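Have a look at these structures, which come just after this line.
Here come two complexes built around subunit A, the first alongside subunit B, the second alongside subunit C.
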Partner chain A sequence: MTRKTSLPPTKLSRRHFLATSAAAAAGATLFTPKGLRAQDFPTAAVNTTGLAVTDTEVTVGILHSVTGTMAISETGSVQAEKLAIEQINAQGGVLGRKIKFVQEDGASDWPTFAEKAKKLLVDDKVASVMGCWTSASRKAVLPVFEQYNGMLYYPTFYEGLEQSPNVIYTGQEATQQIIAGLDWVTQTKGAKTFYLLGSDYIWPRTSNKIARKHIEKLGLEVVGEEYYPLGHTQFNSVINKIKLKKPDVIYAIVVGGSNVAFYKQLKAAGIDMTKEKPLLLTISVTEDEIRGIGGENIEGAYACMKYFQSLKNPNNEAFVKAFKEMWGEDMVIGDVTQAAYLGPWLWKAAVEKAGSFDIDKIKEASPGIELTTAPEGYVKIHENHHLWSRTRVGRALADGQYEVVFETADLVEPNPFPEGYQ
Partner chain B sequence: MFADYSGSELLSIFAMQGFAGLILFSVFVLMALGLAIIFGQMGVINMAHGEFMILGAYVTYLVSRAFEAWAPGLFGAYFFVAMILAFFVSGGLGMAVEWLLIRRLYKRPLDTLLATWGLSLILQQIYRMVFGAREVGVTIPEWMMGSLVLSDMIEVPINGLFVMALAVGISAGVYILMYRSRWGLQVRAVVANRTMADAVGINTERTDRMTFAIGCGVAGVAGAAFTMIGSTGPTAGQLYIVDTFLVVVFGGAGSLIGTIASAFSISQAQSILEFFLSGSMAKVLTLLAVVGILMVRPQGLFALKLRK
Partner chain C sequence: MTMTSPATSAALTKAAPPRQGAFLDRTETMGAIALAVLIFVILPLALDPFRLNLFGKYLTYAFVAVGLVLCWGAGGILSLGQGVFFGLGGYALAMFLKLEASSPENTAIQSTPGIPDFMDWNQITELPFWWQPFHSLTFSILAVIAVPAFFAFVIGTAMFRRRVGGVYFSIITQAIAAILTILIIGQQGFTGGVNGITDLRTMKGWDIRSDEAKTILYFVNGGLLFACLALAQFVRRSKLGRILIAMRDREDRVRFSGYDVASFKIFVFCLGAAFAAIGGAMFTVQVGFMSPSFVGIVPSIEMVIFCAVGGRNSILGAVWGTLLVNWAKTLFSEAFPELWQLGLGALFIAVVLIFPDGLAGLWKTHVNPRIERLFPRRTTPTVPAE
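What follows is the complex of A and B.
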């Protein structure tokens, strides 16, 4: 169930509150200057460009679609961002100031996103914006953020080929997500042939291009590559083609409503993914999508991304618990939701490192910022404003969760302009 | 592309592809029949058709949850209850919409387009408020999700067979209703000449309301069936609306046979092209062919002969 946009009352237990604040404080000592009280940071000194910062409050923006087609995907991001803001406030806020948020609805319409971004930056003078989901909406707001000098924290895994000083990309860019997964499937499963499949727009096409280049570099073979229009619901023909070609791996980047149709029809056509013949590897199905697909229809498929709800570490366990307390027991958390949760925390860390809310100082302070409290584990902002992060492979279970079967040993460097892959 | 395959492999793949085409055909027929009744018989451009379908899907979702909670032993059969309920719920909403909105617009057919489009937005937002923005997962009874293994290569999805049977059943039902029943006679009389029908004592208002309700009810049943193959979310109805209008317009408004013939030709063209080309290209070529044929035959494949 969606909730009203106003902040619901907190139900953090005291123990939980103490635990999270202690953990966050431990992490924060790495870059927190002495003192956390607002009076240590006079407003005139920390806000020289007229942002919405007072002695007690700072305003940020949340810009996602809560109506229209994309509301399905973006709801989780909104929830995670509100949770992060609430937790930061419970710990005393940023430079002693409570975070207040203004939420705008992008309504799944790209010009609306640009218009609302302008409103947030020009009228509300927000200190940063957590928002956007599709690449199309990000491309629409990018000129606005660059013209009016705002900060955007963008949560989705995406195709790369972009790097703006005004954006922090908290999701993975394509090479981080793709290459480790392909290496894993060739090394541990001995895969030799691949069938690439995707919805027909920039992200799947760019990602498959990278995948194809990497597969060919490994000396292996792509036996088919196909794209279907967004919203396509009939996959029987391509399933027949897959049966004919008998690839070792179906590499699927299908999105939205098509996803549900694709996996239901795959199962109905007798392709049992638990037998791994062929094995299905996807980069577009998070726990959120499985709710629509149905766990029983995708059991046995593998997904490659940086976060799964089932990750076992204390940060993640606390995050999952807090998320469910705030939004309901039946909630699931996917990769993008976790990345959205990082946005407010990374912004807080940047403000504290810079000792200022000024956008230019935050831009400068951002590279090198580390977050040890991230649910996915340790992350660090790269010079190119993307995150160093681990890539993981999960196996879908019938209950709609993933079981993590592989994790890269080191953080994977973000490389939004990969040479030799474009 | 076939050089590497043996004859029997090719044979079975063509058989499978034939089934794929027939399943697509059945899906198109189910989508389009409700609209064919409303658009064809009443001339109302119902842009909210997809939302009536999704209402059926949500009814199925609720019924499945109810069976899970109260009668888990009968879960395998809930689908039939769901379809019947879907018919009455969507039909009931259709009747209310006709009474509140559509009947005021019969003299302004183009305005029905805007009014029903607005209605579709309202319904979408209501679904979003009631069921949440995320898609809901409808659990399908286990017996409907498997496939019949005819040989090593040939496997026929059971839900595909179910959709085919349903398409045949509903087409037959609509045919009997339209051409073998007293009510159908009245509907056709009103379509042919409203004034004369009125003059001979047919209650045209009631006929209109029933026609609209039945069209919406059929959409609801289609929506219930599509929970097996597609997604159930507030905006999922939009996925079907373009194909639906394509089928009805191409078939010729007002002709049920035309709708079926057009569903058949579009689905076969699309599924064959999809096999040899990529998915997006297949769609482009199918649409081009339809546009081309409609330029030569604007009235569609089968036109109803009327004295104007």
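What follows is the complex of A and C.
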């Protein structure tokens, strides 16, 4: 998905890396050290394809936008990935090798992503890449990863319709984010009519298509569906239509900077979301976006995600603590940031399961890998390279956090090509 | 009656470069040889296929910069929408390549096999009629040049015939770039939207993704660039080129002298568009995709910057400028992923402040005089033997 955010830039005080790495290491004690020693895994045996693996080090790539319009969204992912790498190194690395990373800037520009992906794979010979955020950037790098046989850990919730052997999708595909949320809102809130709206590109459109099919399957009604260009800031006409049609639920997939305008105008038009008439359900606003929107403007809205910073479990508490120690107390952690944090851990698990850094062996070893230490709880890689994960609904609070009001009892199976929803 | 008044011909002689018999003067010959050696010998020998492919990508922007030298440097028409033509040319070829990549076998997983994947995602079940001709490579290659040139002709006619020029023209070209971007992004079922047209694989069965193919394409690209440079030089040295310069400096006088100013402007604008389109097509085939991020206002302005850094009056300078800026961009961004844009910004400011005529101006004022001193021209009178 693509999101632009007009948040004020966060303080770029990231160079206190070394100072805080000790603290990060403390946070890492949560993960039981395996104590694998490099000499038990000779480089010649674990790296048969010429990747950047030495007796003491292994190089991975980080490829996100740290400049341009996407920087505000992707920065959290970069931070989470660096935290995970620090923590893994603190417990002895991967097969006894410390992880070194090469960071490249996608600059919010899809061709640049392709160029940098190729550079990481061809020049740096990285053993895996944590990166990309928007669907457009993923689509741009996908042929590169398939051609040069690289491994990409992609963190964002996205529209599905894709399954590459060279990608592990650590975010949720559309059905994992949508269906359980719609079931929840119909069962517990008695919603009967829905107004769908979103930014105009593939992720909101595909998501709303799935939502519409599901709503219609439930025998309920979609009373309106509208799209606005990215960056659009005039939502008065749709707000008037919503007031006229009086839907039970506004299903909003507005992304990036448009969110700020949308929620402020909604509030200004007298739609008080805390009254839930209509109720607002979104799949595009994480804690990161609320920083731009302002908690008071979105209080009472519901979001359907797999992770919220406020989740109560020991894994998450340790993760939030370590993240704030490394990057600052004022940081917030959204759904994608957590998914990005899983990337290095899932790669480590795959390498250790395969006993090798070879891409083909990692591809083979990945399905079935479990992570019990994930902040979102237990996750598992499916045959289709997506994660089994829970769907959760959170209610936005005035302080910019979500209060978790619902979670699915079981992990939801990822299904990037949902039958009957296309 | 003669076509030019004495006053204008005086202005012409003053403004135009001193006309000599040769197609290139000595400085230009040296510059052209240096560039040819760099592109065809030094870079291919010194760089691995990945870096060479990157330079191939930079050189595709040089087509646009050369077109801008003609339009802006010579003709005084500053187009801030050259990305439109780069994009149209790129899309024309991308459509052909995408259709070839979307054979029913490759797309068996889709609801409707045989159409591009993004159409399938947007519930389009049939290839739109205007995509049909792009099954043909010949048609697509013709379209690469014809569509942008025709589009430029329409824009040019609409504006120059009404004597819209200067800043107003620049603003309108920007608006057109914005409009086309919105159109492409909005019609994602037909155009691929924000994602663009991705995952291009083969051209008539020839795998364009292999290192070997990329190297061949690099040389094809270089060859085409030199062909465009030769054409641009031909235009500049012709009477047409001198009229363009006269128009840039004193449009009224040229018009009063009986020339149809608008036609000249339309011609040079179309030529610049065609150059940009060739660059776009070469970009598509070398990089393997096309996206609306080349069509918009920002890339269009960036292309003007390449031209300005090189020196807007020098076609060779434009190529050097493009190479320098893009190479610096890659280098800075690899070394300082979070701060590189500041470095690039500083480079632009430095060039504009210190060398307002760009690299070409630097060459002319600093390097060339030394060369002249070291190797005096054979034509300079030498001391008789006795």
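For the reader, a short list of remarks on this structure follows.
Convention: the second predicted complex is superposed on the first by the 387 of 422 C-alpha atoms of A that agree within 3 Å, B and C clash if a C-alpha of one lies under 4 Å from a C-alpha of the other, contacts with A are read in each partner's own complex, and residues count from 1 in each chain.
One rule holds for everything that comes next: contacts are C-beta pairs under 8 Å (C-beta built on N, C-alpha and C of every residue); 3 or more make two chains touch, one makes a residue touch a chain.
Owing to the predicted nature of the structure, the values given are computational and were not obtained by experimental measurement.
In the superposition on chain A, A:Val238 makes contact with subunit B only, while subunit C stays out of contact range.
When the two complexes are overlaid on their common chain A, residue A:Gln265 makes contact with subunit B while staying clear of subunit C.
By the touch criterion stated above, A:Lys118 is placed in contact with subunit C alone, subunit B being left untouched. After overlaying the two complexes on the shared chain, residue contacts for A:Pro229 are found with subunit B and with subunit C alike. Of the two partner chains, subunit B is the only one touched by A:Ile72; subunit C is not. Once chain A of one complex is fitted onto chain A of the other, the partner contacts of A:Asp288 are limited to subunit B, with no touch recorded for subunit C. Contacts of A:Ile369 after superposition on the shared chain: neither subunit B nor subunit C is touched. Judged by the touch definition given at the top, the superposed model places A:Asp200 against both subunit B and subunit C. Contacts of A:Gly257 after superposition: subunit B is touched, whereas subunit C is not reached. Residues 2, 66-67, 200, 229 of subunit A touch subunit B in one complex and subunit C in the other. Subunit C makes touch with subunit A in their complex at residues 48-51, 53-54, 57, 109, 111, 118, 121-123, 182, 185-186, 188, 193-196, 198-201, 209, 287-289, 291, 293-294, 330, 333-334, 337-338, 340-341.
Taken together, the subunit B residues at the contact with subunit A in this complex read 5, 9, 13, 16-17, 19-20, 23-24, 27, 125, 128-129, 132-140, 145-147, 149, 153, 155, 157-160, 226, 228-236, 238-240, 270-271, 274-275, 278-280, 282-283. Residue ranges of subunit A in contact with subunit B, taken from their complex: 1-2, 66-69, 71-72, 75, 200, 225-229, 231-234, 236-241, 243-244, 256-257, 259-261, 264-265, 267-270, 288, 291-297. In the complex of the two chains, the subunit A residues touching subunit C come out as 2, 12, 14, 66-67, 103-105, 107, 109-112, 114-116, 118-119, 122-123, 134-136, 139-140, 142-143, 147, 159, 161, 200-202, 205-206, 209, 229-230, 417, 422.
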